[in-house]
Amino acid sequence: MTQPLLDARALTKRYPVGGGKRGAMLHAVDAVDLTIAPGECVGLVGESGCGKSTLVRLLARLIDPTSGNIFLDGADTTAVSQARFVTMPDRARIQVVFQDPSESLNPSFRVFDSIADPLKRLLGVRDRDKLAAQVHRAAELVGLPRELIERYPHQLSGGQRARVGIARAIVVEPSLLILDEPTSALDVSVQAIILRLLADLQARLGMSYLFVSHDLNVVRLLCSRIVVMYLGRVVEVAPTEELFTAPRHPYTRALIASIPDPARRGEARPRLDGSPRSPIDPDPNTCRFYGRCPTGTDRCATAMPELLRFGEGHFAACHFA
Amino acid sequence: MAFLWKRLLGTIPSLLGVIVVTFLLSHALPGDPAAYFAGPAANAASIAEVRTKLGLDQPLPVQFLRYVGDLAHGDLGNSLTTGQAVTTDLLQRLPASLELTFYALVFAVALAIPMGVWAATKPDSLVDHLCRASVSVAAAFPTFFVGLLLVYIFYFLLDIAPEPVGRLNEILYTAPPHVTGAYTLDALIAGDFATFRACLAQLVLPAISLGLFALAPIARITRASMLQALGSDFTRTARAGGLPRGKILITYAFRNALLPVSNVLGMVFSFLLGSNVLIEQVYGWQGIGAYAVTAVLASDYAAVQGFVLMMAVLYVLLNLLVDLLGTVIDPRVRFEA
Amino acid sequence: MSRAATLGRNIGHAFGENRLTLVAVAILLVLLVCAAFGTALAPYDPLMTDSTAKMSPPSGLHLFGTDALGRDILSRVVVAARLDLGMAISAVVLSFVLGLALGAVAGYFGGWADRIIGRLMDTIMAFPLFVLAMGIVAALGNSVLNIILATMIINLPFYCRFARGEVNVRREMGYVEAARMGGNRALPVLVNHIIPNILPAMMVQASLNMGWAILNAAGLSFIGLGVRPPTPEWGIMVSEGASFIISGEWWTFVFPGAALVLAVFCFNLLGDGLRDLLDPRRRV
Amino acid sequence: MTAQLTIEDFSLVFRTRHGTVRALEDVSLSVERGEIVGVVGESGSGKSVLAYAVMGLQDAAARVQGGRILFGGLDMLGAGEQALADVRGRELAMIFQSPRTALNPIRKVGAQIEDILREHANLPSRELRKHAIAALARVRIPDPERRYNAYPFELSGGMCQRVMIAMALACSPFLLIADEPTTGLDVTTQAVIMDLIRDMSRDQRMSTLLITHDLGLAGEYCDRIAVMHAGHMVEIAPVEELLSRPAHPYTRQLLAATPTPRSTVEGLVSIPGQLPDLRRDLPPCRFSARCERHVALCDEAPLPWTSLSATHLVRCRVPL
C-alpha cells in the first residue's frame, strides 16, 4: 500500500467548559483515525455538533490537538504548534474552502488581493507580474471572469464568491483541499455549478479532497470513501457505494433512511428520534449512540465499541454491526 | 438561590479592584503625604513621627493590609476640613445624595420608557422624530449647565421655583426629625405635609437636571430594543397565532425589550452618581458630592478617597441590583449559574 | 464600480438624507477653525480686563457681553475652543489607540491576556466614571494633562470592550481563518485582516464618545479641577458665571454653556450620521 | 373537493429606497381540503413572500397590486386586522424556519401555547394547562408535563420545531403554512419533523402549504408541487407527474440540478445565468433570458397558463 498523504492518528480535541463544574471537558473530537491517499476524495458526514468542524480545524492545523498526531507524507506536522506551522512550507499543502462564501472573504480586500495574499505569504512571490500571472491562472481555473478580479466581495454573487474562495485555496497548489460545506449556503442551481467545478479541478490538478457536508446526496457525487462521525467519534468508514447499499452502523442506516427521496414516498422508514447525549465528560465505556440507538443493549452501556473491519476498507464501531 | 450567591460572590473581585485602586490613588499622591498631614508648622522630626504613625515608612503591601484593616473597621481617616471622621461625614450626607438620585432616576425612567415604547410602535412618525430629536438635544446638555439654566428660568425669571439653597430653606422650615435621612420620606413619617411639599419643591429642579442626562440613554435603548423585539421572529409567531395587539406589545415585545434596557441601567447609574457631584454643586445640595468638591479644592485627600470609595461601593451594589433584575426578567441568566 | 465610489454614494446618501449631519459637520469645522486660529479670530484679548466695562450685557461692542472683570466673553468663548476640543480629542485619540490595541489582543488571543485586560477594564468600570476621573485628577494633581489622562482612562473600557467583541466575532470567521491558512501570523492577521474591518465601527464609537469626553473635561473644570483661572475654558466660565444667575446676568454663563452644548450636540449628530452610514440595514 | 385556500392572480411589490421590487406577479394557486401542496423555488423566487401574504403578515414595505386571496369564505386582502387576528392561530396557522428564534426566549413554551388557546379555544382558564400539555403530547414530545415548563433555550432545535407545530395545531386549524420548517435542522431531525407534519395533516384532514427550496423534500411529502421562479409561478402539477414529466424548462433544470441518490456529477445540470433584477423592466416570461427554448413568441405579453391535463398547469409558450 502506498504511503497515505494524510494520516491522522488518535486525534483528540477537548475544550474546558464553564467555571461552575470545575474540570468538565467537552469532548469535541475523540481518538479519530483518518487517512487520505494521494488524489483520493474522502467524504465526512455527521449531524451538527458531531465534531466535523473541529476535526476540519485540527486537520487544517488551525487549532492544536489535545493529543494525537497528524502525518503529512509521513512527517509529523503536530511536532510544532499551529502558531509555528503557519510559516512552515507544509502550510501551503493543506488548504480549506470555507462554508459561507459571504464571510469567508475579507470585505476590505479586492478579489485580486484575497487570492494573492497566500501567494505572497506562503510562497514568497513578490514579483508583481508573476503574482498577477498566478492569480489570473487560478481565477481562470475556477472560471472567474477577468473583470471581477478588481472587485470587492460585496459586489459579487454567492456563486462568484464561492469561486473566489476556491481560487484562493488552490492558488498555492495544495496537496489536500478540505472543503467545509462549500455549497451549503448556495442555491441548488449554483451548487451544481460549484460541484462540477470541484470535480473538474480534482481531475485536472490531482489534489486530494476531504469533503465535509451534512448532505449525503452531495458527498456521494464526489467521494469514493465516506467517513461518518457521531458525537466526536468515527462510527463508520466505507467505500461510497458500499456505505449506501450495506451500511453497518445503526446511525449510518438512520442517516441514509432520512434522506428525502420521492422514489420512496410513503414508505415507513426507521426514524432516529431524540437528541444526542451530552458531549461533556461522556462515559468512556458507553457507546456514544446508546440511548438513541434503535438496537442498543446493556452491553452498549458498559463497553465502548471499537472500529472493526467488515471488508475491504469498510469499518464500523458497533457491537451489532 | 444558587445564582444569588454566585452574583454576590461575583461582586468580590470588583470590590477588591475598587479598594486597590483607591489605595493606589492615595499612594500616587504627589509630594509627601506625611508632610502634608503633619501640617504647615511641622519640622523634620514631627513629619517622621507622622510617617511612622500613619505607617508610611512600611513597605507597600504592609500599608495595603493596614488600609484594608482600617476599611474593615469603617475607618476612612479624618477630614481636615471638618475635623470629623470621614465615615461620619459621608454617612451624614449620603441620604441627601441618594434621595436626589432616586428622584432623578424615577423622573428619567418614568419619562424615557413610555417615550421609547411610543416611538418604537410608530417608527418614522412625527412622534418618533420628536422623541429622537428631544433625546439627542437632552444628551448634549451638560448637567451643570442645565441646572443653572433651570434656576435662571424658573427661579429668577418666572419665580415659580424655590431658591436653590439646598434640601430645605431652613429659614422658613425646620428639617423633619431624622429617621431615614431622606427629607421627603421623613416628613411623611412625621406627617408634616407642609415640610414635605417644601422638600419636594426643592427637589424638582435638581432631580430634573440630573434626570435629563439619564433620559437619553434609556429612551434610546428602549426605542431600539422595542423596535428589535417588534421585528423579531417570536413577535411574528405571536402575530401568526392571532394574539391581540396588547398582548404582543407587552408580554412578547416589551418584556424582551426590557433586557437591554436593564443592561444600560448600569451605565445610567454611573452617569447619575457622577453628575450628582455637579448638580449638588449647582443647587447647594448638602450631599456627598458637594462634600467631595469642597474636599478636592481643599486638598482634603482622606475625604476625597473616602468619597470615591463610597461611590464605587454604592455603584457596585447598584449594579448587583440591576443584575438581579436581569435574572428576574431573563430565565437564561438564571440557568447559567 | 469601485469601493470608493460605493462609499462615496453612501456618504452622499447619508448626508443627502440627513441634512442635519451636514450642518453638524459645518458647525464642527467652524469650531475647529476657532480651536486652530482662536487668538487671531477673537476680537479682543481674552485675558484683557477692562474696569470700565464690567458686566456689560451683549451689545455691538461686545457681542456676548463682558464678565465681572470686564473681559470680552465672545473672545474667551472662541479661544476656549482650543482647550476644550483639544482635551477631548487628545483623550479620545489616546483611549481609541490604547483601547483598540488592548481589545484586539484580548479578543484575538483570549486566555490569560484576555482575563488580565478584562479584569483591568472591569475595575475601571466598577467606579462611577466621573467620580473616578475626579479621584485621579485629585490624586495626580490639578493640571490639564491630568484631566486628559483621567478622561482617557475612564473612556478606555468602551473602546477596549468594543474592540474585543468585534475581534472575537471575526476571529472565527472564514476570512480570518483563511488568512491564517494563507500563512499570516497573528500580528499580520490582526493588522491586515481584522483591524481594517473594525475601524469604521470604532470611528463611529469615537465620534459618539467625543461629546461625552467634552462633557467630562468641562465637568471637571466646572468643579475647579484641572484648568485654573484666568485661562478661558467653557466649563470654568460657566462656573464663574454661575454666581451671577441670582442677579440676572445671564450672558456670563449662557454663552460658554451654549458653546459646550453646540460642540457636544454636533459630535453626537456626526456620530449618529456615521452610524447610519455603516448600518448594513440601511446600506443595502 | 372544495378549495381551502385560493390565490388568484395575486401581485405584490415592495417599495424600497432603490426602486420597486416586483416580488410576486399574477400568482395563482389553490389548496384543497386535506391536501399537502409544496411551493418550491430558489432564494429570491418569492415563495416566502407568498406565504406571508397569505397570513397577512407581509412587510410594511409591501403593497398588494392586485388579485385575491380567499381562505374558506374570507377575503384575506379585504379583511381588517381584527378579522385576520381572529382567523390566525385558530383556522390558519404557520410555522417558521429557525424555530429557536421563532419562540419567545423568555416565556415557558407551555405558556406560549396557552396564549394561543386562551385567545381562540374558548376554554376556561383552569383547562388551559391540560390542553397545552395535550398539544405537546400530540406532537410526540416525550414527557410533556416537564417540557411544559421548559424555556426554548433548554430544548433542541428539533424539539423547538415540535413546540411550534404544537402551537400551530393547538386549535386544529384548517390550513397550516410551513415556511422552510426544517432548514437548519439535521437530516435525521428533518425526517422526523416532516413525518410529523404529514401525519398530522392526514389525521386531521388539514390542508398544508409547504414552502421549501428542496425539491426532494417536497417530492417525498407533497401531493402537488408548485414551482416558482423570480416571482412567477411557472408550473403546478401532481408530484409524480412533475418529477417524471416536468413541462417547464426551469422545472426540468431545477430537477436536474438537485442531487438525488441516483445522480452523478456529470449528470448534474447547472442553470445558466442569474435571477433577473426584479426592480427592472421584465419580459413577460421572467425565465426567458436563461431559457434554451426561448422563441420570439415568448416575448409577447400576456404569458398564458397552458393546461397539459386537468391538474398539470404550466406557464410557458413552448412547454416540454
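We call the chains A, B, C and D, going by the order they appear; numbering starts again at 1 in every chain.
In the analysis below, a residue touches a chain if its C-beta (ideal position, glycine included) is under 8 Å from a C-beta of that chain, and two chains touch if they have at least 3 such contacts.
Keep in mind that what you see is a predicted model, and the values were worked out from it rather than measured.
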Fewest hops from subunit B to subunit D - one hop per pair of touching chains: 1
Of A-C and B-C, pair with higher C-beta contact tally: B-C
Central chain (distance from its CA mean to the mean of all protein CA atoms): C
Inter-chain centre distance, subunit B versus subunit C - centres from mean C-alpha coordinates, in Å: 23
Where subunit A and subunit C are represented by their mean Cα positions, the distance between them in whole Å: 48
Euclidean distance of C-alpha centroids - subunit C vs subunit D, Å: 52
Distance from subunit D to subunit A - Cα centre to Cα centre, in angstrom: 33
Residues on subunit C engaged by subunit A in the complex (per definition of touch): 1-3, 6, 173-175, 177-186, 188, 193, 196-197
Residue ranges of subunit B touching subunit C (in the complex, touch as defined): 13-15, 17-18, 20-22, 25-26, 28-30, 136-137, 139-145, 148-149, 151-152, 155-156, 269-275, 277-278, 281-282, 292-293, 296-297, 299, 301, 304-305, 307-308, 311-312, 314-316
Subunit A to subunit C touching residues, read off their complex: 57, 60, 62, 83, 86-87, 91-92, 94-96, 98-100, 103-110, 114, 117-118, 121-122, 150, 152, 154-155, 165, 168-169, 172
Subunit C residues within the subunit B interface of the complex: 119, 122-123, 125-136, 138-141, 211, 215, 218-219, 222-225, 235, 238-239, 241-242, 245-246, 248, 250, 253-254, 257, 260-261, 264-265, 268-269, 272
Residues of subunit A touching subunit D in the complex: 47-48, 157, 187-193, 195-196, 199, 214-218, 220-222, 244, 254-255, 257-265, 269, 271-275
